[in-house]
Each structure stands twice: as C-alpha cells, then as structure tokens.
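First chain written, first letter: the chains are A, B and C, and each begins at residue 1.
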C-alpha cells in the first residue's frame, strides 16, 4: 500500500513539473497558475480555520498586505521585473506574518461567532486604509509591479513554478502540523476548546501560531497574484470574495483534511476563472457559482474527500486488514491520485 | 495540611450564592467524597478549583502552592485532573488520539515531534487497557456509548499522571457493572498513590468507595466524617429531606 | 458646535434605519445560531422591490411595504425551509457559507435584472425638509425614523407580549428545554427567519430612500450590520438597537469633525477597540450558550 502511494505521489509530482511543457498554451497555464495559487492559499487557510474551527473571513488582509508589500518593495528598492521579485517572496510572507501577530492576538480574544465578525471588520479596515492612505498605497489609483521582460510564450512559466513551490511548501507545513502533537492540540481545540485547556493545551498560543503560519503563505500568494496580474487596487487586494472562495475550496474538498483544499481548489479555481471570464459582466457567474456551492454544501456536507474516503472504506472493509485510521489516510491519497489520473485521461 | 485545600471560598451568580465561605480539605492518598443536595455548590466548587470559574473570595491551595486564580491549563500542569458531569471528550478524534491530547509534564519540545511517540503509544494503550476500552482505540470517540466515553475521559486524564483527580458524578448514567468496574479502577489507582475527590449522588457508590465524606449544603460545608458518621448525621438528613 | 449637534441628530435618525436592519440579523442569530450573511443583499432586494413597485407601477414606497414585507417574509421562510434546515453539524461555519452562497445567487440575479447602475428610491416628499429646533432635517430621514420606531415597537410587542414571542425567547435560551415544554422549535425558527428577512424589507425601503444603491452595496452593508450586532452582543435585540444608535452617531460625528473619509474606518476600528476591553460586546454575555 505504501509503495503504491509513494509511487502515485511521485507520478503526480512529475506531472505537475512537466505540465507547462505538456500544455504550453498560455490560456491553460494561466488557469493553472491561479489554481496552484488558490490551492496554496486554501491549504494555508485550512491550516488555521480548518484545524481550529475558527472561521476567518479576513485572511484577505494578508493577501493584500502581501501584494502591497511586494509592490512597494519593488518601488522603493528599484527592482526591475524578472526573477528578483520572486526571490523576495519569503520576505513578503514574513511581513504578512508580522501583521498577523497583533491582528491575530486581538481577534482571538473573541470566541468563534464574534471572531468571524472581527476578521471581517479587520479586513474592511485594511481596505479602507488602502484607500485612505494614498501616501503609502496610492489609494484608488493602485500600485504597479515591474514588468518582467519575458515574451508572451514564456511569461507564465516562472510564475507557474514559483506557485508550485509555494503550494508544496504550504502543503508541507500543513502536513507537518497535522501529524505533530501541536496539530493534535489544534484539532482538540476545534472539538472542545475548554476541554483542551483543562488538559494543559495552551490554546491561546496554539491558535495564534496557526494564524501566523497561515498568514505567511497567504501573503506570498497575494504577492504572486499581484505580480502576475501586474497591478493591485484596494478593491481587488482586499476583496471579500477571496476568503469566501478559499473557505469554500477547503470546505468543498473537506475541512481539516490535507487533500481537501487541494481537491476543492482543483475543482473551483478553473471553474471560477472560466465563469468570470466568460460570464463576468452579466452577473450570471455569481448565480451559477452560488447555486453550485449551495448544491454541494447541502449534498456533500462533509466535503468530497471525507465522503469518498468513507465510501472507499466501506467498499474495501472486508478486504482491508489495516486499521481504519492509517489505512484510510493512505487510501485517501491513493484515491486522489486515481481521481486526477482519471480526469486527465 | 491536605494536598488540596479550599479556604473560605465564596462565589455568587447574581443573587444566587453558589458557594458561601466554603472550606474543604482533602488528605493526600485518600478517596474523599463530596455530597449534598442539588444546588449545594459541588460543581461550582470544582469549577473554582480547576480554574473554570473565578471565585469572589477565598483561596485554593494544591500541595502547598496557591492555585487561587490559576487557569485550567496551569492547574492541570501542576497535577490536578478533572472529569465533567456530562463527559467532555473530543468527538471527532479517535479514542487513541484523544489519549494524546493531554499535555504530559514534559515541556515544549514534545510539541514538534509526531503526535505520538512509541513511548506515548505504549502508555496510552496501557491505560486504555486498564480502563477496559482498548479494543475501541481506532474508533471515533463521538461514536462511543456514554459509559465508554466516561472511561475514555478517565483514561486520558491519567496519562499525565495527576496527583489529584476530581471526579464529577462518575457513576451517573451508567449501569451497575460499569459502576463497579470504575470503582475498582479508582481503588487500584488510589493504592498507587493517587488522591481522589468524588462528587456523587449515588450513595452506595460514595459510601462503598470513600474514606472520608464531606457534605455541602447551600454553598457551605455542613458536615464531614467517615461514610458511616455522615450517613447517620441528623444535620445531613435534614439538609437532604428538609427543603 | 451646531454641526456636531446636527450630526448627532442625523446619527440618531440613520441609526434607527440600521437598528431595523440589524434587529433581523441578531434575532436570527439568537434563535438559530446562524449568521445570516445574506441579510445585506436581502435589504437591497427589499430596496429594489420597493423601487420596482414605485418606478413601474407607481405605487408609493410606503404603500409598497404592504407588498414587500409579506413577500420577503415568505422568501425568508422559504430560504430557511430549503437550506438552513438542512444544516445539521458545524452550524457556525456551514451557515456562513450557505448564507453567503444564497447571497451570491440573489446578488447575481439583481445584477442581471437591474444592472450595476446606482438607483435610489424616489417619492414626492423626499426632498423636503422639516425644521426642528432650528435644524433642517430631511423629511425622508425623519420619516424613516418614525417608521423604524413603529416597526421596532411592533417587534418588541411581538417578542415580549405574545405567545409566539414567548416561544421565540424560550428557543433562544435553550432549544432543548423549549422543545421539552412543547415549543415547536423548528416552526419558531422558520417564522423567525421569515421575520428577520421581513425586517430587511422594511429596512431596505428606508435605506433605499436615503442612499443610492446597487447590488454591490450589500457588502459594505452586511459588514456594518455584523459589526453592530457584535457590538451589541450577538442575539440581543436591545444590544442591536443600542449599538446602531451609538455607532451611527459616532460615525456621523466623525464625518463632520474629522473627515468623511475616516468615518468608515472609525466604524470598524471601534469594534476592534471595544473588543480589546470587552470581548463580549457592549451588552452581551461572556460564555457561550447552553446548546
């Protein structure tokens, strides 16, 4: 079983690495870039909100902070377009994390229901600040990123690979947390926070650390999107749609699972890109998106990955000799690979 | 000086005086019982001791150290564990994962490791075996029966090797066989040196298990002594039958 | 100084409008543990309905309420029956996502039907002003205030003086206990959701008369409403009322004293500041509820 899983993952990785070579059409790779980035953001969001159960609808703060940070760094340090801005990403992530510390500390003083609203309020404050501090952010005129000197055919490629790296790091962090004692503490907080506290879990610190880690990756994603698109405006940097999209991806795929956000992003990101591009003006995209989400939420309440996993376990229950816990996790990965391979034909 | 002491603890909720200058003392190595009619303040006292409620007045000491305003995690780290009247376990984690949540008195470096080292696994399995639910180790805790959940709760407190365990109605809602099983476990642990403070309504359970019984009524201690003494004490009978 | 007094008065007047809109939101939360993110777009829907009645059928906006309020009441009950009722676990997270999805659909429909152009409700008496103590108050604001007061009073009477209100308050406090004493909790929930949305219809009319709006206005609106109910204590009607007035007065005074640009920021920042000192809001309780 384990060999099969490792082989499958390696094959998947190889496919991802070779993707731009196999499908060089910029239209396709653009969608791929956005998919990878959203997958990274959804995984990072899930690391906090999925594992602790505290729904953050204000992660767009870090998305925007990351974007503006990169743009302003490029401006102030007179950095030209090209590979250098990509090298600044870790720094951008760090900046977003630094913002996350006080914001998280304040927001986490509240319990779950109030927490959601606080994150929304914080996000609005940042949007308003972006508009009202034109000295820093150039207000509604927006900021611009240096233009990379790559030709049209090659343009998407560095973005693709950088996004892939960010995604892999995000998955890595999420995987590590999930399997550590720290991650167990987070899941315990999600089930019964006070009980966890009574068992010695330092709930406040645990939550804050997860919040900061997720901000790190979301910041990098924001910076990459900005750089990819070339410009950043307050309304797009701090947009309410970001959090809902990311939350929906994580939720659709399966909250608090590792593969869930990935599956969700894989399904929703291309769909969202398609709908926005094809039907954006008329409002039909919103209707379709919303209706689709309603259908999925109500029909697959646990998300895709756990539902599939359960069915699989049921089917192979008689055959399987391994315990449900480890066996199921391995099967979930295998299933994911099966699904992807089947999809690509 | 008992291992756990509450001195003159008072706590009011609005107009209701849940605790009024309540003083109790639990001797090390004993199994102490805490009884009293409904509303006498037993669970409130537990909450105050373990840091879930803030008392209005009074002090709490554990093993000489003051834990008067300590947070629940600190109280646990010092060595005081507790169960809840309605069992609180982690329903979405497996039984085995539940066992590993409790922070063992080791320090932060344990955090970065895998959620369960081989040593911790062995300990957890031993304890699950001890309480008798080892065959359920991979089941989602939410799917356990009520009695099994109680046993799980008992087990996962034990993993941190507490010196004092506060049990809030451990015999509530489970069948007599299970009750005896639980009593047996408590006695075994007591022989190994663990002190217990048990709140219970089930008189047989209390009388059969406890060395010493304290009676609360309207937030204050009205009697204490051996189970026999308390059973025959007219003040106690008055409290239960009176209002 | 007169400017400040004027701002305070205006704040009270507009505060009543927000009180109307937010009361529905907090009511729904109190009874059902659901954060109805769609409340913002439902207000706008109410506004658009009033607009349609007035523009195409020439029905006066006040009279139009006789249509829009029941219509949205039924819509609210429909939404609850079709979607909210299906949510079994993880109510907080899932209800947020579901209501947001519903909001997206409604927003898309409104965009489709009405396009993104800003509109505002018109009526012959809207532009007039009433002189009160030397201040000229726009008639529409005064009217909105009285309408809100009337509807909120009716709401109060409903909640505190009727059998249904008793059932509602019982459900808010303890769902299990309420069902044990014979309250049809599910029915209460459906009707409460309907009432919450009906209040949005009324709020929509007064909001639409005093502000230019389009479908996208709902984002800003729902954020403010959420802040208000958090400040007032989620689930507390009195809190929502109190917070609406406080927030709008402060907001309007900031508008005048500092700058319009910063009044929005102050609005949201106030929440943060308050939570630093009182995580449960102005009138809320600290611990979670029993169920």
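The criterion applied here is as follows: a contact is a pair of C-beta atoms (placed from the backbone, for glycine too) under 8 Å apart; a residue touches a chain by one contact, two chains touch by 3 or more.
Quantities reported herein were computed from a predicted structural model and do not represent experimental measurements.
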item	value
Per Cα centroids, the chain farthest from chain A	B
Most centrally placed chain, judged by C-alpha centres	A
For chain B paired with chain C, centre-to-centre distance based on mean C-alpha positions, whole Å	46
Centre-to-centre distance between chain B and chain A (centres being mean Cα positions), rounded to whole Å	42
Inter-chain centre distance, chain A versus chain C - centres from mean C-alpha coordinates, in Å	32
For chain C, residues that touch 2 or more chains besides their own	none
Complex contact set, residues of chain A against chain C	49, 53, 55, 57, 106, 109-114, 116-118, 120-122, 124-125, 128-129, 131-132, 240, 244, 247-248, 251, 255, 282-291, 293-294, 297-298, 301
Chain B residues touching chain A - in the complex, by the definition given at the top	50, 52, 71-73, 75-77, 82, 84, 88-94, 96-97, 100-103, 110-116, 138, 156-157, 160
Contacting residues of chain C [partner chain A, same complex]	29, 33, 35, 83, 86-90, 92-94, 96-98, 100-105, 107-112, 215, 219-220, 223, 226-227, 229-230, 234, 261-262, 264-265, 268-269, 271-272, 275-276, 279-281, 288
Parts of chain A lying in touch with chain B, wherever the complex brings them together	179-185, 187-188, 190-192, 194-203, 323-325
